[in-house]
Every structure is written in C-alpha cells, then in structure tokens.
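So, here's a batch of structures to check.
In the two assemblies presented below, subunit A is common to both, partnered first by subunit B and then by subunit C.
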Partner chain A sequence: MTEFSFWDILRNLLLAARWTVVLSLVSFIGGGIVGAALLFLRIGARRGMRVLSRGYIQLFQGTPLLMQLFLAFFGLGLFGIDVPAWLAACIALILWTAAFLAEIWRGCVESIAKGQWEASASLGMGYLQQMRYVILPQALKVAVPPTVGFSVQVVKGTALTSIIGFVELSKAGSIVTNATFQPFTVYGLVALIYFALCWPLSKSSQLLERKLNVAHRNH
Partner chain B sequence: MSLIAITEVKKRFGDNEVLKGISIDVARGEVVAIIGKSGSGKSTLLRCINGLETIDQGSIVVAGAQFLPDEVHLKALRLKVGMIFQQFNLFPHLTAGGNVMLSQMVVKKTPKEDAEAVARKMLDRVGLAHKFDALPDELSGGQQQRVAIARALAMQPIALLCDEITSALDPELVAEVLAVVKELAAEGMTLVMVTHEMRFARDVCSRVVFMHQGRVHEIGAPEDVFANPRTPELRQFLGVQ
Partner chain C sequence: MTYQFDFGWLIGSLPVLLKGIRITVQLILIGAVFGVALGIACAWVRALGPKWLKPVVATYVELIRNTPFLIQLFFIFFGLPSLGIRMSELTAANLAMIVNLGAYSCEIIRAGIQATPRGQFEAGASLAMTPFQTFWHVVLVPALQRIWPALSSQIVIVMLGSAVVSQIAAEDLTFAANFIQSRNFRAFETYIVSTLIYLALAILLRQLLAGLGWMLFPRKASR
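Right, the complex of A and B next:
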C-alpha cells in the first residue's frame, strides 16, 4: 500500500482549491452581471418585468442550492443535452448568486432617501439619469460591504458542487480521504483552506463597512 | 396672463381627499406664501405644481406647459419651475459645486466649463462661492439650503417653489436662507412658498393664501390677511381673537 505524507495530502488539496477559487470567481462575476440585470427589472417601470424578476428571486432563494445543482446537471440531461459537471456547477451557482445579489442590491437602492429621487426629478432628470448620476453612486457605496460579505456564501456554496462530481476542494477531500484513510487530517485541512479563503473576505467586509460608514456618517 | 394657473385641482390619497378643488393664479414676479395647518394640503399643492404628485382632476399650467404625467411633459414643466425642499436633498456624494453643475450637464447638456462657470456664479449669488469644493456633510444646514437654492437657480427656472425651506433649520440659520429668498424676490423671481415664517410672509410676499382642509380658505394681500382675518379658522391659526 502506498504511503501518503502530510505534504502529499496538502498539495493535492491545494491543487483542488484552485478550482474552488475559479468557480467562486466565475459565480460571483457572472452572478453579479445577471444580478444587475435582475435588479433593473426588479425596480424598473415595467410591471411584468418586476413580477418576473421577483418570481425568479423567490424561486432561487426558496429552493436549496443542492436542488438547483441537480436540476442543472440532470435536468438538461433529460433533453439529451450532455452537461459536464463544471458547466452545470457554473450555471447553477451563477443563477443562485444572481438571485441573492439582486435582492441585496435592491435593498441598497431602496435605502437611498426618497428626497434624492425628488430633488433629481425636480431638476428635470429622467429615470435613467437619476439612476446613473444620483442613486447608483450612493447605492454602490452602501452595497460594497454586504456584497463582499455575500461572497463568503458563494465560496462555501461551491462545496456543494462536489455532489455532482465537480472536483473542487470538498470533492478532492473525499477522494484523498478514500485513498489515505485519514479523514480527520484531510477534512481538517479542507476546513482550514476554506477558512483561509473566507476569513479575509469577512474581515474586509467589516473593515469596508466601517470605512464607508465614516464617509457617510450623516445619512 | 398668469404664469402659474391652477384650476380646480383635486387630489386624493385613497379615501382622503387632500385637495378639494384649488384655484390660484400666480402672476409673473409675484411672491405667494401658502400658510395653513399641517394636513391642510399646502405641501401637496406645491408638489403637484412640480409634478411630484399627480393630480386627479383640474389643470395646472405653468407658462404654457400643461401638467401631464408623462416624462416629456414633466420634464418641460420642471425646467420651468425649480423646487427647494425642507430637507435640502443635496446629493451627498457631490461637492457643492458638483451639486449645482450636475443637472446642467445631464439635463441641459451644458459643457462642463460653462456649467462650472454658472455654478460659481450661482454659489456666489447665495454667498457661498468659497464653498465650491465642500461636501454637503461639511456644510451647516443653512449653507446646504443655500446650495440647494443655487442648484435650482442654475437651471434658470421662471418660478421657484419653496416647501418649508426653513423648517429643518436651527433658528439662527433661518435668517441667512430667508435673506437669499428675499433677494430673489427683489430681483423679480416668481416664488410660491409654503412657510411658517409669518413675519417673512408679511414683509416679503405680495399675496398670502390660507389653506384649510384642502381648500383655499382666504386669499389676499398680506396686510389684509394678517390684519383682518375674516374667518374664525384663520383667526385661530394666527392666534388672534
């Protein structure tokens, strides 16, 4: 039987952690883009679009990410489309992230005082101009801490993709455990790597919140 | 011809009829004070003139621009009347100068240099030329309100609506804002102001409108309205018996 050193285990886990990072980045950036589109539909003037967007958000917030992964992976397969695990993982995570980010950002936009809308309207600005020059610049400031905070959830969410066979950190953990029979060491290391990824994000979210609040103390 | 013609305007919020048929004509250069208890509909009326509230019946015409609730008509209306709010509503992410420049550049497509020149002129007019680069946070309430006035003036409106613009100010800051308004009035700007400053209304305004329960209860020259209130409601409001 082959012997595995501690270094072998760690090296394999770190190699797999790259995929966790890549998947997190793809989900977060993709989710951000889709989320921004959802946000505009959600708070836009067209009622049909508002309802549609709200339905989407409720659907994705109201079902487990695991089910969404299964549906993306097996669901499309039913139509004869062969979906590789990495693609299903990306799609499901992007759609899931988008729903949460859209809702977080909606809160930020709505936190901007009504007077800002009225003042800009009374100066003759149209809806898009109000958004572009008055509301979003303020809302973005409010949005940074919760958005960075949510990125932690995205990183941890990627762990679920192991279940459809995408080899990221968690999946690598179970593979290495099966080979080494050292579950405590392996999963301990897996947890530490997740923590090393997430903790700086949580911490920076806190710092940003404090920093941006100072700049915004009177509002 | 009157500059602002308000005819039989009605407005309700749900079951609550806030304006029950208001008709007021404001001539060019007039300074009209609207007084009344809170809930009498005076702020709502002002907001209707600027299109911040829609009206249910009647018509509002400002220098030929009819109030219609679509973006094109609203914009035409708002280019003619500026509005100043109780809470100043400066854009907190922009400097005083930026506040005055923004709508010129965005709405009127004025080039930046010209907008800046106008902004400096308008801030100078309200006595704040030296605060061009200050953020709203760094200004006192009175200064913020004066920037808000400069911001409205930069759009070259033909009339200004003032919605209780001194109510959120500390007493010692009220005078500096009223001084600016008084100067505007002297220069011939048409002003419609909802106010609790009775002395100011008496000294500066050409007409006073007393609103009560969604109607124009009394209207007239300030010396008449304040010296000879005809109705018990106005007498009670003014605290004279």
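Right, the complex of A and C next:
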C-alpha cells in the first residue's frame, strides 16, 4: 500500500479545487445572465411574465439545491441525453443562482425612488431606456455588496455537486479520505480551502457595503 | 420524448416517505431551537460579552459561514471520530445543523442588538440592572422582533440545506427519496415528489414562524 504524505493530500485537493473555482465562475456568470433576464420579466410591464418569474423564483428558493441537482441529473436523462455530471451541475447551479440574484437585484431596483421612474417617463423614455439610462446605473451601486456576498453561497453550493458525482473539492476530499483513512486531516484541509476561497469574498462584500454607505451619507 | 411518467409507486412508498418527512421535521425543530439559542449566546458575547471570548466566537462564526454545510457535516461525522468523539448519524446531523444555524443566527441577532438605541442600555443601568439583566430583560426581545423575518428565512434555508444529511445516511426525506428511487428506477418522478414535499415544508415552516413571531411579539411592542 502506498503511503500518502501531507503534501500529496494537499496537492490533490488543490488540483480538485480548480474545478470548484471553474464551476463557481460558470454558475455565477451564467446565473447572472439568466438572473438579469428574470429580473426584467419580474419587474416588467407584462403581468403574466411577472407571475411566472415570481413562481420560478419561489420554486427555486423554496426547494433544496440538492433536489434541483438530482432533477437536472435525472430529468435531462429523460430526453435521451446521456448527461455528464458536470453538465447537470452547471445547469442546476445556473438556474438556482439566477433565482437568488434576480430576487436580490429586484430589491435593489425597487430601492430606487419612484420619482426616478416618473421623471424618466416624463422625458418620453421607454421601459428599456429607463432601465438603461436611469434605473440600472443607480441600482448597480446598491447591488454590488449583496451580489458579492451571494457569490459565497454559490461557491459553497458547488460542494453539493459532489453528490451527483462531479469531482470537485468535496468529492476529492471523499476520495482522498477513502485512500488515506485520515478524515480529520483531509476534511479539515477541505474546509480550509473553501474558507480561503470564500472569506475574501465575504470580507470584500462587507467592505464594499461600508464604503457604499459612506458614499450614500455624503449625498 | 417517449418517456411515460409513472407515479404508481407512490402508494406503496408512502410509509418510507412519511418517515423521511418525520425525520426532516424533527431535525429542523431541534436544529432551530438549539441553533437559535446558540446564536443568542454568541450574539451576546459579540455585542456585550467578555473581551477574551469575542475572537473565539468571531472565528467560529467566520469559519462556519465560509465553509459548505456538507463539509461541516463530513468533518463532524467522519473527522471527529479520529479524536475519539463518535456519534450516530442523526446526532451528527443535528449537531451540524445547530452549529451551522448558530453561526448565521449569531450575525443576524447581533444586527438586531446593535440596532437597539443606546438609551435602552443606559435606562437599564440607571435601574441598577447588570449588563446581562439589561440584555435579557430589556434588549433581547425587541432585538429578536426586529430581525425575526431574517431569522425565519435563515431557519428555512437550514431546513432546505438539511437535504444533505442523507449523505451520512441520516434517514431524512432525501434519504427516503434515494431509497425509493433505487427500488422503483423512477428517479425523476421520485425526486419531483420529494422536491414538492420540500416546497410544501418550506412554505409551512415559513407560515409557522410568521405565526410564532406574531405570538411572541405582540403588536404593541414598539419598533
């Protein structure tokens, strides 16, 4: 039997952490795009679309991410596609992230005073123009801290993809544990790597929030 | 798509599902009560507690909030036995949920305490109350009332997160779903049903917490 040194364990975990980072980026960017589309429907003029997107958001916020992963994994299979774990993981995480980001951003857009909508409407702007030139530039500033804060949830959410068999940091942790029989060391290290990924994001979210508040006060 | 949906297995699997629901409900009830209690204790430390304890609690909160629940669970269930601490999977699941919710609710409750007007503490002190008495009798309840919606959401999030405990073979709703789909080979239908059950549980829990908030904090209390 081979002996595993501490360095072997750490190296394997760090190699797997790449996939955690890649998956986080893909879900965050994809989720951002889908989330923005959802946001436009959620606060748009079409009533049917508003109800639909609200239902979507509630469905994804009210069910476990793990179940969504299972459904993506087994649901896509129904179409006769042989679904690799990474694809199911990406799809489920993108849809899940989109629901949360849309709801966060809705709060930001709604925090913009009603007068801004009315003023831009009185200038003859259409809905998209209002959004593009008046509302979004202001809402974006409010949205940055909570969005960065939510990215922490996305990174942590990727841990669940290990359950449908995607080999990222958590799965690597299980595999290395099974090979080394050192669960305490391995899971401790895994936790520390996640911490190293998430903590800077949490901190910068807090800092941004403080900075933004100061800017707000000086208005 | 030529796939035929089949929900015929549902009746036969009902007892397994019900048991899973029972365990999930039991987990979140225990987790919520002790988790919020731990959160209150930690929030007290961070806001008013002894100085030497503050960094300890801060480290705990940051560590838990920045690592996935799954890893916390694995660490407790697989990692701790190497230190001689062994527990059943249900105990480990409960402990992980308490520790997890404790960290999040600490931050939430602390925000509520920090929003308390300074005068409240001074008023308590002028009545010769100790800082702890002031915290317990004067500050805590309005602080909880202020952050109750956020705390409720966090409890629901922890309930949904508890789906993961099936991975250490705690027999919750997800475990039941995994068990059923391994028998009937109807994975999609099984997970759709359990997802809908989770959705119902989440809605129910939210209503329950709203009702509890309504009972605990009578309207007359000022904000």
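Here, the second predicted complex is superposed on the first by the 216 of 219 C-alpha atoms of A that agree within 3 Å, B and C clash if a C-alpha of one lies under 4 Å from a C-alpha of the other, contacts with A are read in each partner's own complex, and residues count from 1 in each chain.
Keep in mind that, in the parts below, a contact is a pair of C-beta atoms (placed from the backbone, for glycine too) under 8 Å apart; a residue touches a chain by one contact, two chains touch by 3 or more.
Since the structure is predicted, the reported quantities are computational estimates derived from the model, not experimental observations.
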Touched partner set for A:118, first subunit B, second subunit C, both or neither: first
Touching partner for A:78 - first (subunit B), second (subunit C), both, neither: second
Subunit B versus subunit C as contact partner of A:59, first or second or both or neither: second
Subunit A residues touched - subunit C or subunit B, whichever exceeds: C
Touched partner set for A:152, first subunit B, second subunit C, both or neither: second
First (subunit B), second (subunit C), both or neither touched by A:141: first
Touching partner for A:202 - first (subunit B), second (subunit C), both, neither: second
Which of subunit B and subunit C A:129 touches, first, second, both or neither: first
Subunit A contact footprint on subunit C (complex, rising order): 1, 3, 62-63, 65-72, 74-75, 78-83, 156, 160-164, 167, 174, 177, 187-188, 191-192, 194-195, 198-199, 202-203
Of all residues in subunit B, those that touch subunit A in their complex: 50-52, 71, 74-75, 78-79, 82-83, 85, 87, 89-93, 102-103, 106-108, 137, 148, 151-152, 155
List of subunit A residues in touch with subunit B within their complex: 113, 115-116, 118-127, 129, 133-134, 137-138, 141, 216-219
Residues of subunit A touching subunit C in the complex: 59, 62-68, 70-71, 74-75, 77-80, 152, 156-157, 159-160, 162-163, 170, 173-174, 177, 182-184, 186-188, 190-191, 194-195, 198-199, 202
